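Structures follow.
Okay, so chain A shows up in both of these, paired with chain B first and chain C after.
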Partner chain A sequence: MTDLTTSRPAITAARTSWLRKLASANKILIIGGSVLTFIVLAALIGPFIMPYGAEDTSLMDRFKAPSLTHLAGTDSFGRDVMTRVLEGAHVSLLIGLFVVIITMVLGIIIGAIAGFFPKLDNIFMRVMDAGEAFPTLLLAIALAAVLGPGVVNVVLALGIAYAPRTARIVRASVLTLAQQQFVEAARASGASNLRIILYHLIPNALAPVIVQMTFVFADAVLAEAALSFIGVGPPPPSPTWGNIIADGRTYLYSAPWITLFPGIAIFLTVMSLNLVGDGLRDQLDPRLKGLS
Partner chain B sequence: MIRYIIKRILSAIPVLLVVSVIAFLIIMLVPGDGASVIAGQDASVEEVEFVREQLGLNAPWPIRLGEWVTGLAHGDLGYSYILKRPVSEAIIERLPVTLSLAFLSIVFASFFGILIGTLAAVFHRTWVDGLVMSISLIGVSVPNFWFGLIAILVFSVGLGWFPPGGYVPLSDSFFGWLHAMTLPAITLGTATMGLISRFTRSVMLEQLGQDYVRTAHAKGMYRSEVIGKHALKNAMIPILTVIGITFSLTMAGAIVIEAIFSLNGLGRLMLHAITRRDYPVLQGGLVVIAFSFVFINLLVDILYSWLDPRVRYD
Partner chain C sequence: MSKPLLEVRDLTISIGSTAAKIDIVDGVSFSVQPNEPFGIVGESGSGKSMIALAIMGLLPKALKITSGTILFDGKEIQSLSQRDMQRLRGKELAMVFQEPSTALNPVFTTGAQLVEVLRRHEGLSPKAARARVIELFGQVGIPSPADRFDDYPHQMSGGMRQRVMIAMALCCNPRLIIADEPTTALDATIQLQIMRLLARLQKETGVAVMFISHDLALVSNFVRRVQVMYAGRLAECGTAEAVFSTPAHPYTEGLMRCAYGLEDRMERLPTIEGQVPTPNRFPKGCRFSTRCAHVQEVCRHVPPPRYALAAGHESACYRHIDFKTE
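Entry: the complex of A and B
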């Protein structure tokens, strides 16, 4: 997949063009976007509508099967699973968002420097090669284990783990963009390297990065769930989708609903993000249509 | 050809070196060090200091890094004071389980991924295409540990077709091994299958639009032959690269899947190392997985140059 990005022809379009293309949104984008909006709204509003608190225990109501009073049943402490899933959405979505921000900042800085300064390119890219040799999930597990459990550490671990791939994409764009005439023109008119990178190269290299970020978001939601599931994610009692499933696993046979609903939430979120990513790519970069 | 292989192997060495340094630095981030873990919770400051001295943890980090890298070059991954044995020994003991899981999962993902991806390309813009794209979207979106739990619930507890966990060594019985590994391998392979089918579809679409395919049709070749003998053969080269890349996804996923299916592999060894703060084992596991990723991709590159001689002249 790296071959695709290195061989891509130059993006000559102006900075605003990708925004304009978005205006004529396609079907996949609309479906994915609507599901995602629904999930975000449910996460924001849900906890206020639900009559239970995410950490309200009730010994009388342990292991209640899904019903009208408890839409997704209750767990071993009699806590309402639906409320916990909605509450868990906050953690998962916020972690995803912050991972995207960190990955994007790291990826753009490293990628732009590597693409613009040939002398640093080799060193930077060998480090990125090595970083990519560690599977992202594994790198995140190791970092989270070493840094200790906690939301901030999970975000840092995932953000660092996804940076190499993003840096590679930025570098590939910057390499071709740096050869373009508008860069030469900017230099001729006395622009500094920093100005060329910030105002000319990065804005033009942004479109593939934005597409990549939706996939990083999707991946981060999956990875955070996996980290929470194996116990190196954000510490309990705050519910996350991963640790609700981990709790439910003990009662998998007697109360499968505890496991079922948070999994569906993860699935819908990741699927909608993937659809948005595909849709954005079709809009912003039609040449890559259907590729992944 | 041999020149290319040598060049390619040499270019992997700096990557391996940086990989070892990264693995070292990650463990460096640990607040405090292994000494307090080994000395025990009730140890006095002097006792911890003694252990630290014994382990050579007092040496400045560049020296310890040097020792770590030279150790690696000799196949020495360090010593676990919690398992009371060399790390490499503990890893080698667990490796067959993880490799079986990874191998079967990649075989499953590649076979079905290439099959349905090809079908989608051949029946482009029909319901077959739509179905395949949906399956691949579901494959990459479903959290695999959850899928594994649901699979246990349905296929082990409900239908009783497969054991809910445990490992049968290949040397004991082939069918026992296959039977035990079927659910874990499919669970681990769902995402990879999604990626491979999508990729196969797009590569095949590109190939089927080429002139040589039209020529093959024009000279009266059967459609199945055109697809299988020409298009798929050419598409296999990039597909192979993607399969090599997904190896890393598979190894990381194995850590979680092993926990669900009670498989005593490398992943579980590493998870235990995390909970027991056995950092040498964690570090060793990281390096082994990263090295195997570099090695697999080296193999893919060499295979690639053998399949497509043009690559060698780049």
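Entry: the complex of A and C
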């Protein structure tokens, strides 16, 4: 008994260094995380320190190449591209964020219900199959055609398109978790089905979902760019990474910087998100725990 | 004897369709008095865990109670609604499971899991629930309970986790705790500690405890009455002393012979020949007839009834008729 009490400080110490341990064990996660943090900070602070407005046109300064005054050059209206990329990050990242939220909520609810109630499983998952059969972008284009272009519609379309995959992941986790003894123990202590799902199943099924969400975020940023490129994304003049590229594509030969810089922003964001996703997957995978 | 807290009458649990059904538990009856430590002993596959699950109303979907009744405090458990059953579970009927490592939710602290049960059944405030949990942790012998409150299950040893499970079972002052192989997954030294703890708590709180185990010798030290089961049927029941010192059923005798004492020096441990038959191979007559050393022709065809040997001591074996006629 006494050695149990004396070992307490060791346990607390192990808990406080949890973050440090996570970081040292996973370089990919650190690199991805730092790049992502940098992008988010740049998007938040950037527009305030830039001397130009994102929608300020200047006919004298059209198609200026990158220089010290215009770090990323100017576009066909003489707008500063760097300012627009930083400002555009808001919309692009927010779209990513809201798509993640919608996907997560829909995916978790549908997946948990399908996994827990065998009778509903077939109905729910066949609907998900049908949803998944649509190519993501085509579904988004179709929805945008029906509902009209706009940020909200893009988010809805992408959210609905990505939900089935997440639902499948949650369902698979719930199916195995429901057989675990702690679920039976919870039932033996009088927990209702709803409580078992919310308190015992979903929190335990979350790890793969979180990993999946980083990929959904990256996919959503890419999809927004693609949708804007074909003109069904959030409409101009408010900048998004997608519509800056769309604007610049006409001048790809004469002024490549207009497309280059939002392209780099998209590349960095998607790459860092994928790195974070890979890193988290290694970190959260119980089979790899204790190996490092 | 006062009115029993739990009364199981002629319980039969079956698997499969009505055409090809197999009785996993066949016509088992027993009762547990309030404030009584009671034991059910049998090998794996004897149906003892199924009885526990049936009492909790948690039988897997494939299994059905095909006849008999389970009365808890005079109420028939099978006829209770889902909602009433939920209120009963955890509050009046609690269970301690075999595997303390998997019976706790890995993503919440042990304290939080008990708080959750307390708040649901007793409607305590978070603060009051926390204080009660720390008190319970102390009661089940967890050292520095206030610190342990915030530990996750994986930070505890198996014995500690089982103490947490016992605290969880105790937390709403239940009237019956079913302990299904509570010590099987633990080290031999911890085993005794946990059994002593359960026995002590049983005496202190006056809760009825139903021990389910395969270890006749261990259980009979802690219970007043014990029931030995074989392949879903009752083999023998009686007071722990009677069953332990004068086993009447050949199966119990065999079990006792297998028990290995420290002072025994033997070349080879005696065993009961063969294995428990799988449910689809249960023999027609006495289910022990395939392994019994005293098997007679009648055993193979007609299941033996229960014979009373002394007050409360019963055994289901034809041998007892011969004893009387001779």
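Methods note: the second predicted complex is superposed on the first by the 260 of 292 C-alpha atoms of A that agree within 3 Å, B and C clash if a C-alpha of one lies under 4 Å from a C-alpha of the other, contacts with A are read in each partner's own complex, and residues count from 1 in each chain.
As a convention for this text, a contact is a pair of C-beta atoms (placed from the backbone, for glycine too) under 8 Å apart; a residue touches a chain by one contact, two chains touch by 3 or more.
Every value quoted in this text rests on a predicted model; they were computed, and no experiment measured them.
Chain A has more of its residues touched by B than by the other of chain B and chain C. Legend: residue contacts after superposition of the two complexes on their common chain; A:I244 is shown touching neither chain B nor chain C. Touch criterion not met for A:L156: it reaches neither chain B nor chain C. Once the two complexes are overlaid on the shared chain, A:G190 sits against chain C while remaining clear of chain B. Contact with neither chain B nor chain C is seen for A:A220 once the two complexes are overlaid on the shared chain. Contacts of A:L86 after superposition: neither chain B nor chain C is touched.
In the superposed model, A:F229 lies in contact with chain B only, and not with chain C. Contacts of A:P135 after superposition: chain B is touched, whereas chain C is not reached.
Residue overlap on chain A between the chain B contacts of one complex and the chain C contacts of the other covers 1. Considering their complex, residues 1, 3, 126-127, 129-139, 141-143, 145-148, 218, 222, 225-226, 229-232, 245, 249, 252-253, 256, 259-260, 262-263, 266-267, 270-271, 274-275, 290-292 of chain A touch chain B. Against chain A, in their complex, chain C makes its touches with residues 56, 58, 86-91, 94-95, 97, 99, 102-108, 116-117, 120-121, 143-144, 147, 151, 155, 165, 168-169. Across the complex, chain C is touched by residues 1, 4-5, 8, 11, 180-182, 184-192, 195, 199-200, 203-204, 206 of chain A. Interface of chain B with chain A (complex): residues 14-15, 18-19, 21-22, 26-27, 29-31, 137-138, 140-147, 149-150, 152-153, 157, 195, 198-199, 201-202, 205, 238, 241-242, 245, 248-249, 251-253, 255-256, 259-260, 270-271, 274-275, 279, 282, 286, 289-291, 293-294.
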